[in-house]
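Two complexes come next, and they have one chain in common, chain A, joined by chain B in the first and chain C in the second.
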Partner chain A sequence: MAGHSHFSPANVEEFYEFTPEARKRVITAMIIGAVLLGIGVFFLGSGEHEAAHAVAGHAAEHGGEHLSGGAVSHHETSWNPLNRLWVNLWMNGVFFSGIAVIGMFFVAVQYLAKAGWSSVVKRIPEAFPKFLYFTFPVLLLLFVFKGDVIFHWMHHGITDPASEHYDKIIAGKKGYLNFTFFLVRLVAIFTVWIVLWNMMRKKSIEEDLNGGTQNFFDMVRIGTGFVVAMGISSSLSAWDWVMSIDTHWFSTMFGWYMFSSWHVTGLATITLTVLFLKDKGYMQYVSDSHLHDLGKFMFAFSIFWTYVWFAQFLLIYYANMPEETIYFLERWEGHNKVYKAVEILNVFMNFFFPFLIMMTRDAKRTPIFLKICCFFVIVGHYLDFYQMIMPGTVGPHGGFGLVEFGSVILFASAFVYVVSTELTKASLVAKNHPFLEESLHHDI
Partner chain B sequence: MNTTEKYLVGVYDDEDEVLHAVTEVKGKGVKIEEVYTPFPIHGLDTAIGHPRTRIPIAAFLFGLTGLTCAQFLINYTMVFDWPMIIGGKDFFALPDWIPVTFEGTVLFTAFGMVFTFFVSNSLWPGKTPKTFDLRSTDDKFIMTINMGTNKKSEAEIEEILKASGAIEVNVKQF
Partner chain C sequence: MSHVVSPIRETLVGGGRSYHDVTQDICKQVEGEPTKEWKIAFSVSCVIFAYGAYCLGYTWWQGIGVWGLNKTVGWAWDITNFVWWVGIGHAGTLISAVLLLFRQKWRTSINRAAEAMTIFAVLCAASFILAHMGRPWLAHWALPLPNTFGSIWVNFNSPLVWDVFAISTYLSVSLVFWYLGLIPDLATIRDRAQTKASKFWYGLFSVGWTGSAKTWARYEYVSLILAGISTPLVLSVHTIVSMDFATSVIPGWHTTIFPPYFVAGAIFSGFAMVQTLLLITRVAFKLEDYITMEHIEMMNIIITVTGSIVGIAYLTEFFIAWYSGVEYESYCFINRAFGPYWWAYWMMMTCNVISPQLFWFKSIRTNILISFILSVVVNVGMWFERFVIIVSSLHRDYIPSSWAMFSPTMYDIGDYIFSFGLFFTLFFLFAKFLPVINMAEVKAVMKGVSSNYPYKKKSEGGKESVTH
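After this line comes the complex of A and B, so read on.
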């Protein structure tokens, strides 16, 4: 990338063009996703009966033992095949909200640290949180109308002592896990994220027009505020949106665990977007030193994810208390072992693969290695969320079918569409960033 | 002192000058052994043409040794020599051992790297360090040329160094 010596912030303002062909391709993907989802939903109703019988028979053989910490075992009789659709939408909503908000988190951390190297790539993550506008209504509507499908604690009569479904443990958590308070938290979390992102984005675009350093210092302040807000909201969202599915079970590491999963997925998405834009001929000033840093980020946070995941597992394994081990037992041996392969893939794709592939310096500077690694990390963490959410919601009715593929294609293409549109709204290089010159000469 | 090595030492007082001088001196066919600077200069090692360090490979191998040693120790003591049931787990309770294995790997890597660094920089006990010019730790940039590996005459090289901006050229023998 010797070319960047001719690049000066004053003479280049680069705009991404979301061409009609690209638009068409993304919309086609979206339609394919929607069609697959439709077909999947259509077949759900017909194919499910046999499977349900098989599972029921299997359960009977084992004397009706339940390896479930979640909701499914409690209303086996009233299983509606459409539930799998709602759960998939919820899961993708949570997963993609995470990728979107990590864009803002990345920018906020860079400003908080007053980092110079990242100023050439910062417009990419800055565009991500736009997708929150789409996942917010999805999660909100799903919670309001289909919450009882997803959350054990929302089942009818579960906190009512007179009801036959009464559950003493869940009734004890009523103060935190109730419809109103959950709704307030959901709305508050998204509002804080979206408002702070809008403030940041506005300042960032203003900087392109006005120059000077005032916007930079304002963004440092907004970034600091966001990091504090994220510290609280990442844990709250992990407890609310994912951990409360397995209502009986809890883990004090869960907030970090889910955040680390989001974070590394977000970093992989940022890297992948930068690489794709570079392939298209944009952002030629992004050198292999910048890629090296993004690669290091991904490598390090893959290890961080492993650390948190393993710390949570080891404590539960070592203490060996039934109310805690059921979480892993359910995933490892429960539900006809549907989730066992995902559990194994989870560790291989999210730890061994990025650890061994991204270890050398050359790999972090070679686009093809980075791309392969990004792809594996994103798919791997999709599976991570899959195994967090599915066993407690759909349990033995889970699996990988058209519903899963359709909904993830739908969400991913919507994400690409929204982020690409947002990228066209500002120059790809923040031309008046005070550290731009430093970033252009970044050399490691 | 039995002198076997003779060096020409060029002294520069600006980092940009020394960076350009490296390319210039090399371009005239003089082999540079090393450049000593008070602080790191970007692009200097590529300009000198040093091969990439192999210390990461050494680190990986040290790590692998540590991992193997830690696993061997735990397996020998806990599974083979004196098996004990702890917390109702198998004798071979791999998850419990991962923290220890990790520590062993890190320990071996850290010590191995430090010793490798000492050896490759000739810093073992009793060794008199080669100090070309004490000012290289203060404000001067030192370029050393090993006369044993260069075919040009001393006068020629001295002239090339002076032309490239050296403020003085000294002779150093070890």
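After this line comes the complex of A and C, so read on.
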């Protein structure tokens, strides 16, 4: 190595300690989340029944019912308040799977592009995919046992011409939307992600032990494979896990739309984690130049998300075809307008805030601005997933209550717990990374 | 910029060149007499240009009735060629702006030629807009100018008008970017000039460049600002071109994935064109040490990445056409693949999706001849892509009694030839009178990257020999 500096690789090894106090705090948060969720479920079970009827009646009065294109109209009479719990778990499962897998995607892209600057932070995103071990069973079990709550196309008899619930359009999609094939895809997607991540992680840790450049070139290969896999699986997961909820509706952009939402959330989570670790006294070698680059990524991919959002919206708005516009109408004025505020917040939090906050060079180099921006981006994209998933599943019964807050706190603290644990398993800096020297001297 | 460069990075300038060698090697073409090869190539393109100009003149004189359009297919080669050239015109600004933002140092050897190519390609695209106007002298009516005809304005609802704004903005910014990058090099040529005429002209266009630290600092600031402005611009241009189609309600045109998919396709074809031109230039001007195997490989990788994105978009469209359950949409795609235009569709699929996958093999993406052939194949495929989208969607509309086929006339072909004549004439003039490689920027990356040269030799050193 061309080491003419003080940063000889051996000096920069650093281990994160997940202290008992920190562990306790995260577990406390998890318990709070679980308790809120429990109370929320209790109230859902007891109190909402009458309220739901009132809302549904109201919506019907205003012609809202035909706008609720998804699952709701079909089982309006047999609404089970617990559905909101299952849907929330599904939504958080999808959202956090995205953050986790973007960790791998980020690392893979850095290797594929042979990026040097990011090698000091790469151990952070590298730890994220561990959380897939948690979301995979959650999504799997929800699909197997509660799939019909989430997916309109899984309703009994919907593809059976003899049934009163028969839906010709959905029956036409049976070749793709059926229990077995969906399950195969779900398992295949997670398996590919987890296996490739494990291969990458193994090589990465081996590099710390053995040095040399062979592991680096292997990781370039694994990363390339993962990017190809992600090119396909990102669209498949978007179609399956989210777009098929609004079974009648379709948009060719949707795969990339959801991916762009995942991607920018992942970038914000990486940045936030780096900032927290820096606050705790770790990773002091991460300079404002590195933060600047992370900020630029967040800024750029917020704009990219907006681009995809806007292009999809504009084209549907412009062509004004009822089978497409229903999607936005349902969210804008359907379901007694419960989703309207979220629709507005979606664009404000995910475009205007990051765009304006991250505009200047100084802001991208100032931790507090970055943190504010990360916060908006993560919460904003949670709302983005909320508005993608809720209208077609719980319809007029949606809202923000203890169930929503409880489930997101539970998932977020589980994420922090799993990632923190994973972070302790390797040095925070990949000490034998061939680009480490470049990254330590990164100055823009 | 980082001052430390990892030893595993490839060298960007080969042959142990010094700063002076760079100046010599690149100025040589500008300062010397035109070579015989250049004269032949330039004459050939002038002949093509003249023949094309005749066809275009005839089109204007007679009107676009000389094209093969009919009542069903009202858009064919004209718009196909327009989109094709605009797409090609994407690589230059991508290389100069996006790769600058991503600090890709390898861009320095190829950005000048790529930007020039961009400008010429956009001019070629614009020529089809003018060609299809019955009265090209009223072309300014496409702009929202105050006028004395009452309140006659352009139709702001039309994506065609957005196109006018997007492409003219893109052309202006690309020109400024290209010219800005030229200034230090023009000053170099000015300082070396032997004749009065060249001293005057290169002096005039280098606008008093002094080369002081202050001017260099400004140069870098302006480059970054322009890069920041151009990046959304690159995306917007083909986005809006895609909206020419996607805002309509025609099956095969109205699909929401069009904007990013068109942008990916544009970068794909633009890089292929840069590859084609640079592989010729590097041999003709003996620039093998500047446009190295590393550059060729990088461009091939970008071609594979963007080609694969386009491939995913093709498959997505096909899948959703079935998934949607919309009869017209499904028919349109089946008709594309198995209808009378099946050959165009499979040409597109083979050239755009399958052929770039060959670059997965290192032996293929480092083979100059195959790289050259494939770069041409990609642009053939991208022409067919636009033809497939446009003609196959139009030729069978909602009323089967008006179904028709399109056959080009010699003026469809002649006007297309015109654009090639224009493109190559301009490119050869550029290659003769301006430095084809950005000397100043190449010198800036030499130190960091090439200083490792003695320590490693490519291939055999790739793996373990990264020791001091």
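Keep in mind that, in the parts below, the second predicted complex is superposed on the first by the 430 of 444 C-alpha atoms of A that agree within 3 Å, B and C clash if a C-alpha of one lies under 4 Å from a C-alpha of the other, contacts with A are read in each partner's own complex, and residues count from 1 in each chain.
Definition applied: a contact is a pair of C-beta atoms (placed from the backbone, for glycine too) under 8 Å apart; a residue touches a chain by one contact, two chains touch by 3 or more.
Everything numeric in this text was worked out from a predicted model, so none of it was measured.
Student: For A:361, using the defined touch cut-off, is the partner it touches chain B, chain C, both, or neither? Pick first, second, both or neither.
Tutor: In the superposition, A:361 contacts chain B only.
Student: First (chain B), second (chain C), both or neither: which does A:303 touch?
Tutor: second
Student: Just to be sure I read the superposition right, which of the two partners does A:232 touch: chain B = first, chain C = second, or both, or neither?
Tutor: The second partner, chain C, only.
Student: Contacts for A:443 in the overlay, against chain B (first) and chain C (second): which applies, first, second, both or neither?
Tutor: Both partners, chain B and chain C.
Student: Thinking of the overlay built on chain A, is A:318 touched by chain B (first), by chain C (second), by both, or by neither?
Tutor: It touches chain B and chain C both.
Student: Which chain, chain B or chain C, ends up touching more residues of chain A in the combined arrangement?
Tutor: The partner making contact with more of chain A's residues is C.
Student: Pick one for A:252: touches chain B only (first), chain C only (second), both, or neither.
Tutor: It touches chain C, and chain B stays clear.
Student: Report, in rising order, the residues of chain A that make contact with chain B in one complex and with chain C in the other.
Tutor: 314, 318, 441, 443
Student: Mind pulling up the chain C residues that touch chain A in the complex?
Tutor: 1-9, 101-103, 232, 235, 239, 243, 246-249, 254-260, 308-309, 312-313, 316-317, 320, 323-326, 452, 462-464, 466, 468
Student: In their shared complex, at which residues does chain B touch chain A?
Tutor: For chain B paired with chain A, touching residues are 42-43, 56, 60, 87-88, 95-96, 98-99.
Student: Please output the residues of chain A touching chain C within their complex, sorted ascending.
Tutor: Residue positions touching the partner: 1-2, 5, 113-114, 116-117, 169, 172-173, 176, 212-214, 216-217, 228, 231-232, 235, 239, 250-256, 296, 303, 307-308, 311-312, 314-316, 318-319, 321, 323, 434-435, 437-438, 440-444.
Student: Looking at the complex, which residues from chain A come into contact with chain B?
Tutor: Of all residues in chain A, those touching chain B are 310, 313-314, 317-318, 320, 359-361, 441, 443.
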